[in-house]
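Given below, in the form of structure tokens, are the structures.
Across the two complexes that follow, subunit A remains constant while its partner is subunit B and subsequently subunit C.
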Partner chain A sequence: MISEETLRLRRVNWRIFFRRYGIVISFLLLCLVLSLLSDRFLTWTNILNVLRQSSINGIIAVGMTMVILTAGIDLSVGAILALTCVVTADLLQKGLPVPLAMLTGLALGAALGMFSGLLVSRLHIPPFIATLGLMTVSRGLALTYTQGRPITALPASFDFLGAGSIGPIPMPIIVAGLIFLIGYFILARTNLGFYIYALGDNPMAARLSGISVNKVILFVYALSGFLSALAGMVLTGRLDSAQPTAGYGYEFDAIAAVVVGGTSLAGGEGGLFGTLVGALLIGVLNNGLNLLNVSALWEGVVKGAVIALALLLYRAVK
Partner chain B sequence: MSEEILRVSNLTSGYGKVTVLQQVSLSVNKEEVVAVIGPNGAGKSTLLKTISGLVRPISGEIYFKGKRIDQLSPHLIAKEGIAHVPEGGRLFPNMSVWENLLMGAYANRETLKSGVLEKIYQIFPVLKERRNQFARTLSGGEKQMLAIGRGLTMEPSFLMLDEPSLGLAPKLVEAIYEELEKLRGLGLTILLVEQNTTYALDLADRAYVLENGRVVLEGAGKELQENEHIKKHYLGL
Partner chain C sequence: MAEEKKITTDEILLEMKGISKSFPGVQALKNVDFVLRRGEIHGLVGENGAGKTTLMRILTGVLPKDSGTIILKGKPVHIENPRHAQLLGISVIHQELSVLPNLTVGQNIMLGREPRSFLPFLVDWKKLYRASLEHLQRLNVDIDPRTPISELSVAQRQMVEIARALSFKADIIVMDEPTSALTEKEIESLFSLMRSLREQGISIIFISHKLEEIFSIVDRVTVLRDGALVGSMPISEVKTEEVVKMMVGRELGEMFPKDSVPQKEVVLSVRNLKRGKELRGVSFDLRRGEILGLAGLVGSGRTFVARAIFGADPLEEGEILIEGKKVHIGSPQEAISLGIGFLPEDRKAQGLFLGLPLSHNIGITGLKRLSLFGVVIFRKLKELALNFVNKLRIRTPNISQLVRNLSGGTQQKVILARWLSLKPRILILDEPTRGIDVGAKAEIHAIMSELAKEGVAILMISSELPEVLGVSDRILVMHEGRIVGEFTREEATQDRIMLCATGGANNG
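Here is the complex of A and B:
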């Protein structure tokens, strides 16, 4: 006979299972449908293609996950990406050595992120407003800096990050994989990760537990800016061109990946595994729309509907 | 003569342009349990929040063990050894009981090594039984115990409790106060803010009565129980 206790435990376990893996089920279902509809979907080239296309969004989504876990939001990622990549490209064209130009770009990204972190933590400006402002300013700076023109023809050693590959694996996939691993390590294995969850769960209790809340906030926004700059370099390398209009709307793809991946916008709940699946789901979706020749005019509608469906399915089993 | 741990002098505090506390002065000695009682809106919670740094004082001074703390940020004040258990517990609902306790200890890693969790499980055995449950699944009384337990993991020299009886059934209030009596036995210094005057005055060595942001009365706990003003307005006798 099964005791009431085990029954209760089993019920709880199923719930936790779906909470954690419900999105994986949605993802696998989508893959199954696409592989039935198109015989090109499950080929090695196409899989690499999807991974490469998801990698830029994935890199940004790692930072976005941490920001959202603290109950914040970062709308400035796409604009920071644009500003940092035009500055980096310009420095490269002026003859600065590749490592130095990249470091400058990454530092600029981190500094911009830190700026919104300061607005949020010190001046108590809501994250939505602070990063919206930074987004507008950064985009504007990127446009004035270049006078609206793209910067092209960059050193091959710089392009390697976006266009090169190690063995059969393209560099963007390797970079994104590393970033996910590092992010996972920070969230799951360090005090800092624990603080990020605590802050999102209950900011007042976090303060009273002796956590320097301001430093944690500063860190997550700086990291988000840093990763936006990194994603920008991957993108610039791949296109061999830095455009002031690059990264337009990337914030929404990143937020979608995080939220579809089960991280709560209220903070304190979720994690990078979900974000990884969320980013892949969006990547597969984009890929599927191309493979099935869905008209570009309808793409947004189909994409939104499928994301909503995936979330509904996830809620239903949860 | 016992040593003074906390001294608040002429403290005026509030939110923005609204002052809640006016020229409040009080002190807490080592190993003493001091209660602050008063009606809703008297400024009791604001007093604790100002001491722990969540609210910045407008004027006045706060000394902890002789060190001025009223300009420090909350995490530094926590590190000085003041544990503030806020109203309603304020747990981390999406963390397990064990992780909630750990949060208290994370600020000071030395305490983890000293087996502090075992000590807390001894005081609150129910927390050990439920250590792997999400904090949001605990009952009201258990949540309050967990909140106090989390304060204790910091191994504070000074514990501030904000309305530990709030929202609890009478039986649970009694249970919580039994636990507080145990804590006093361990030699902790406690500043207690409470609307449940009967229990608070029973437990406290000394008490302050706060009304409209001012201290209107002070004295030994037993003494105040006999005071006509207290009898009439707080104990309903």
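Here is the complex of A and C:
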């Protein structure tokens, strides 16, 4: 009797284990396959490369995770990234000191995000529509602002954020790592994090429990805008060029990372650990397609199929 | 009556023998036997967690059984899934209705079996509506099958579900708490419908927490406790107290323990609250240590009074005074900071975070007191949760249990704990014991009584008259957005309250 019971308990534990870490298993499987297919995959240079390439999506995905946890969505991240980075680059070229220009860019990102937050919380516009609108407007503003031309040749101290490194570690990885840690702390340890989960779980109960629902919504969208701006600076620094067409389609990579990482689009369930693995999975996939010389024309198809497979594998064990 | 009795034949329609089922860590059913005769209304009672729902889920193919046999019309059957159960003639009317709100009545009744037109993918609408009308007429229900479900009342939706069950030629209908969202009048018409189904030889398994209902409608009653069968007998052979005793396995002291507390100073006064048709000028006082019962029919505006005081809905007119001072309450946060707590009527939709742990559910409202510079101190949260788990005897394996997995009574205690942790001056309880079992109910009443003794002013809304009568010091009755009657504990009787609530008494 007792042995039967423990057996059953163990089976349940496995199930919980898979639900929580299934995506990790998918990720490791993908790494295993790639390391067998290409001997360049598991080299130090390549690993740093993957991490660096995942960092921009990772930074955006942290904000996206919080928005999605409140049962929202932010489609404007890529466009905000473009608008803030051309504005910042322009200010730099006009001779504004680097810290000041960066602060302005980040504040602009936060303000844009806050604007969609206001639309969602005060005017009750569905997040999909509100951020879709902001995406179109921001992208348009970025194009008009620059007349469609990229802004290049920026101060070296600005480029450091995207192109520099501390010791052997490139700056983008360090920035993304810090953002993940801070995001994790907010979600797991602070009042705000509790409120974000509560709001996503049951908005009506959240309001009746005295949570300032509007403030929480405002925060997550502002944070998402802020992080998009930050990701934009990393990107601009790395390329030493701010392009009004930058960040095109980044919203999909960020949403994919969050959802592959197990955060529910219905809100209230999930977290940043999953998003981290999700972002890495997408990064490794991009990298693998490169290493294996898959034609760029086929890249989207293969990428979509592998993501679907990873999700399927993880639902199957769930 | 004698004629009705005769219809209940002795033909055994369904026999469940030695049914057992266990979930990880719990034995939900232990060797349960259940016998249903043709043309009887069979009450199934027991506290939450007694196994009623599990037993019915096995019968309707939602859950597989671990062991035991099911014999339907003399033949052993293996019920694979809900669809299979339906085809075997077993249908369920769920506690939470499962009709699709955006489709019409007819579409819902014929869902999945729409008659086809000359092409196999075209629906023959005329035929569909004619067939569904026939099913509705068989129930004597006057609903146009072309009406969208969203325009129907809860009671009417239930009728549609029953019509749907009949369209499957059901001879067993399981009704899981069908009366919990109905008004007295609707319950009466549901009951007469159930009686007419019985005359047609259909057997009904009726699950309810309200023993009054059980005694007024069923022919036989089966009592479960802790997953085991306690007894099954004709209803005429038992008394209410005996059934309660069988359910809880112990004698309940008094069903509604209430010590009278001397009336003290006024804590809350509301004056002339107005908001559309829902509130047409409501005024009353609430005193320290008082339990004020707010009775009235569903839709009389009781909940709106509560929501207005709690700042959940804006007021058009009127004022609220707390301890004599005029206050403006524009949001739940402001109400909370003034020391008001509110337990909403629908705990799952409005109160709980089902996917979050018990500790978070208790701590969420008072989180600022459990944190430092916005960072939660987990040790404090844990202490708080453990404290209330012990104090309110919340039955849970641990404090990180997801609230989704707790029983209804336990969930209600969790929301109570949330408010108690803030030490409120005024506590508004909207249907505090709806849909929870007898044992937990008594415990919640005891907690309320204890709070009143400590000086908390309690405004309790309840649709259950025995509860209003048993718990309250004073009773207000609402009708169409106004308070139409006030009674002291001594004056109040069920008849007088009902008369007021139905608008029968002159405005007094």
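Please note the rule applied: the second predicted complex is superposed on the first by the 307 of 318 C-alpha atoms of A that agree within 3 Å, B and C clash if a C-alpha of one lies under 4 Å from a C-alpha of the other, contacts with A are read in each partner's own complex, and residues count from 1 in each chain.
Here is the rule we use: a residue touches a chain if its C-beta (ideal position, glycine included) is under 8 Å from a C-beta of that chain, and two chains touch if they have at least 3 such contacts.
In this text, all values refer to a predicted model and were calculated from it rather than measured experimentally.
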{"item": "Partners on subunit A (subunit B, subunit C) - clash or fit", "value": "clash"}
{"item": "Which of subunit B and subunit C A:N191 touches, first, second, both or neither", "value": "both"}
{"item": "Partner with the higher number of touched subunit A residues, subunit C or subunit B", "value": "C"}
{"item": "Subunit B versus subunit C as contact partner of A:E269, first or second or both or neither", "value": "both"}
{"item": "First, second, both or neither for A:L42, with subunit B first and subunit C second", "value": "neither"}
{"item": "First, second, both or neither for A:I129, with subunit B first and subunit C second", "value": "neither"}
{"item": "Partner chain in contact with A:L28 - subunit B first, subunit C second, else both or neither", "value": "neither"}
{"item": "Contacts of A:G210 with subunit B and subunit C, given as first, second, both or neither", "value": "both"}
{"item": "Touching partner for A:D201 - first (subunit B), second (subunit C), both, neither", "value": "both"}
{"item": "Identified clashing stretch of subunit C versus subunit B [150-158, 222-230, 240-248 or 348-356]", "value": "348-356"}
{"item": "Contact residues of subunit A, present in both the subunit B and the subunit C interface", "value": "191, 194-195, 197-198, 201-202, 204-212, 268-269"}
{"item": "Residue ranges of subunit C touching subunit A (in the complex, touch as defined)", "value": "24-25, 310, 312, 332-333, 335-336, 342, 344, 349-356, 360, 363-365, 367-368, 371, 374-376, 418"}
{"item": "Subunit B partner contacts - residues on subunit A that touch it in the complex", "value": "191, 194-195, 197-198, 201-202, 204-214, 268-269"}
{"item": "Residues on subunit A engaged by subunit C in the complex (per definition of touch)", "value": "8-9, 12, 189-195, 197-198, 201-202, 204-212, 268-269"}
{"item": "In the complex with subunit A, residue positions of subunit B that touch it", "value": "52-54, 73-75, 78-79, 83-84, 86, 90-95, 99, 102-104, 106-108, 150, 154"}
